[in-house]
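Two complexes are shown next, each including chain A; its partner changes from chain B in the first to chain C in the second.
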Partner chain A sequence: MDREQIVQQVRDALGDKIKRLHVANPRRVYVTVEPGDVVEATRILHKDLGARFNIASGMQTQTDFEVLYHFAFEEEAPNGVLVTVRVHLDHENPSVDSVVGSVPAARWIEQEMNELLGIEFRNHPEMKRLLLSEDWPKGVYPLRHGKPWEGKVEKKL
Partner chain B sequence: MSNKAERTKSIVPIGPYHPLQEEPELFRLHVEGETVVDVDVDIGWNHRGIEKLAESRTWDQVPFLVERICGICSNSHPLAYVQAVEDCAGVEVPERALYIRTLVAELERLHSHLLWVGLAGHFLGYNTVFMWGWKYREPILDIFEELTGNRNHYAMMRPGGVRRDVDESLFPDIHRKLDEVWKQLELIAGAVTDDPVLHARLKGIGVLSREDAIAYSALGPTSRASGVPADIRRNHPYAAYDRLEWKVITTENGDVYDKAIVRVLESFETIKIIRQCLDRMPKGEIDAKMKEVPPGEGIGIAEAPRGEVFHYVRSDGTNSPIRHKVRAPTYMNLPTCKATVIGESITDATIILAAIDPCYCCTERLAVVDADTQKPLMTGKDLVRLSQEKTLRIRKELGL
Partner chain C sequence: MGVTIKALSKSPWVFHVSSGSCNNCDIEILDCLCPRFDIERFGALLVGSVRHADALLVTGAMNRKSAIRVRELYQQAAKPCLVIAIGSCACGQTFFRESYNMVQPLDELLPPGAVTAYVPGCPPKPEAMIAGVVKALSVLNGGKKKGDGPKAEEPKKPAKPQKEG
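Now for the complex of A and B:
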């Protein structure tokens, strides 16, 4: 299977869950989905299509929060493709369902995003501190940038 | 559970700190008698905030920062990072730079695998192997010093290419040193495959099944020993790997023996790759001379000795990243201990946990603590001794 077929496979499997699909280059594909669809979308990629879960990255942008779930399609060497599922979360109350049920390897990274960025992962099996010490103050998130930006906003990804 | 069983249940804390280790971590082994019944992993003892620091460094400074994430694989992180920046900017890297990147990355894999072989030998009571492994690693570090000026932290990677050229007059001498290392590796490989004591100690111990390896998204030699042919160098070709001839080593059993074999056999492939790099090193530029990083995002992955290193960067067009995510391979490999340690004997716990190669000097901090009184019953030395005594016992039983 070549890279274009892998992308087509992802397109077919996710269907109308895709809000936006961006092929940045043949090796890197970004799929934006609604927060409500993220559990199903990651399950399809990981379980149905057999993609390996790389990791998730959380970040605060100028206007909202983003969580990116990175998956590697690599059954067909050397045509590996990294497919990233992106969700935009509300700035005031960043909250999304945990994907640990179908992607067990996401357990630690969701804990990490919770303590460093203050993103809530609903139904996580064991939401406790991973990196920060127990006496780190509640409600202080090291990777947050502060209040939303009120000036001109860069192009949204 | 009866009162008696409660009394015999102990917690074995391993870690978290030792001056030698670069990855402090704490394992709490719950043991009943000699059997491990549960394990908790606690990380974050040395969280240095590197992702946050990267936001205040320029694109060109970050390689020096991420180089210091790990002292053993100090090339893998900068390599993955510069690939992420190049992915974001869409830059073509000159051919010679790609070969130099491959050369440095493979030399690093060679010294890292030899280091692991030595440590694994020590845990099993084969201190000769420990001395051998580290002695044979020394010429690799000498090669590094000649090529890059440093035994460690080579500072070779930069977005768009490499920071300095290599001196081709050194290549014949490197070939000679690799000849020696090849012979010494054959010695080690022979010692592992022929030794009935090692078979008894390592086979069927700490098995990670193929299904578990996939479920935990295990990486590198840890997953390849379980039959998953996951190798970033082959699956997502970068640097010059797709221009060279080499094999991905996989084995089927997923036990500690297979994890050792994968690393030893992989080292031979590594020497083959280094030789090809030296022989085919193209002439030309070593730097694409990137001027700026446009707004956007990029992902870089590279196969470190322990598995895939993952870097994600987000740019807003200024001269530093607004987000930089780093994921080291041990982050994915460490949770597999839930699948491999439980149900095993405590004498085997040291080598099973060491088999994923988590830079495991902290085993010297092992101590068995009475769960009620919190008083130490055994120290780390005692546990390494237990493991070494088991080897001696097997050796006697086999009449060796």
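Now for the complex of A and C:
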């Protein structure tokens, strides 16, 4: 199977959930979906098409938050294809359903995104602190723009 | 010189405290222990417990979580105890200084004067580390102060005029 066939397979499987499909280069495919469709889209890629869940990443842009779930098709095509499910979230209140139900490996990375960027993952089984120290104040997200921790966190032990 | 200091400076057992470094300094410390540089020939031995240690080799710019552990390790070490900051991060945090997860640098975290020697470099060469340990030991022995260069050589006695013929 070559890369075009994999892209076509993804296109067929996701159907009308795709808001935008962007082939950045032969090995990187970005699929933008609505926040409501992200659980179903990741389930189809992971369970039905058998893609490996690679990692998820979150970021803050000028206008919104983005969560990207990266899925790798490694055995099907030579050198593989990385299909990324991208979802745009509200800038004021970033909130999306957790995909842990169908993709268990996303558990910690969603915890980390919650902690560092303040993105809420609904129905996550265990949303507790993962990386930051115990004395870090709640509601201060260090990777958001503009150094939000300044003045709120003592730089001394 | 007390017997403690004498024994310590003859065989300084070192404990390796990696406070979240990038592992470059850690690799170079291991290089010091391996046969090429072999600091065991000076009696320095890597020990697994801080209770056995005479010197702490601290690497890495400490973050909010590991700084607590470094301070606890220093408190648990038997005194007198040398602390040697290995690498630019341990010496002054370098470009991690402005990060959200940083607290004060090592020499402000530990009691004043606890850090005996600074070995800058990214990573420092094993030769530099050996020089740092030697300098720290000479401080213990009441010799040269921190940062002193080598002692001025004593004026040599005038050579005896060689007999001619």
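Points to keep in mind about this one:
Quick note on the criterion: the second predicted complex is superposed on the first by the 143 of 157 C-alpha atoms of A that agree within 3 Å, B and C clash if a C-alpha of one lies under 4 Å from a C-alpha of the other, contacts with A are read in each partner's own complex, and residues count from 1 in each chain.
By our rule, a contact is a pair of C-beta atoms (placed from the backbone, for glycine too) under 8 Å apart; a residue touches a chain by one contact, two chains touch by 3 or more.
Worth saying up front: this structure is predicted, and the values here are computed from it rather than measured.
Once the two complexes are laid over each other on the shared chain, residue contacts for A:A105 go to chain B alone; chain C is not touched.
When both complexes are overlaid on chain A, the residue A:S57 reaches chain B alone and has no touch with chain C. When the two complexes are overlaid on their common chain A, residue A:G80 makes contact with chain B while staying clear of chain C.
Of the two partner chains, chain B is the only one that A:R27 touches; chain C does not reach it. Greater residue coverage of chain A by touch, when chain B is weighed against chain C, goes to B. In the superposed model, A:P142 makes contact with both chain B and chain C. Residue contacts after overlaying the shared chain place A:S133 against chain B and chain C alike. The interface of chain A with chain B overlaps its interface with chain C at residues 132-133, 142, 155, 157.
Taken together, the chain A residues at the contact with chain C in this complex read 132-133, 135-136, 142, 147, 149, 153, 155-157. Of all the residues in chain A, the ones that touch chain B in their complex are 24-25, 27-28, 30, 52-55, 57, 59, 68, 70, 72, 74, 77-78, 80, 82, 84, 104-105, 107-109, 129-133, 142-143, 154-155, 157.
By the touch rule above, chain C contacts chain A in their complex via residues 64-65, 67-68, 71, 100-104, 109. For chain B in complex with chain A, the touching residues are 43-44, 47, 49, 51-52, 87, 90, 214-217, 229-232, 234-237, 242, 295-299, 301, 308, 310, 312, 314, 316-317, 322-323, 325, 327, 331-332, 335.
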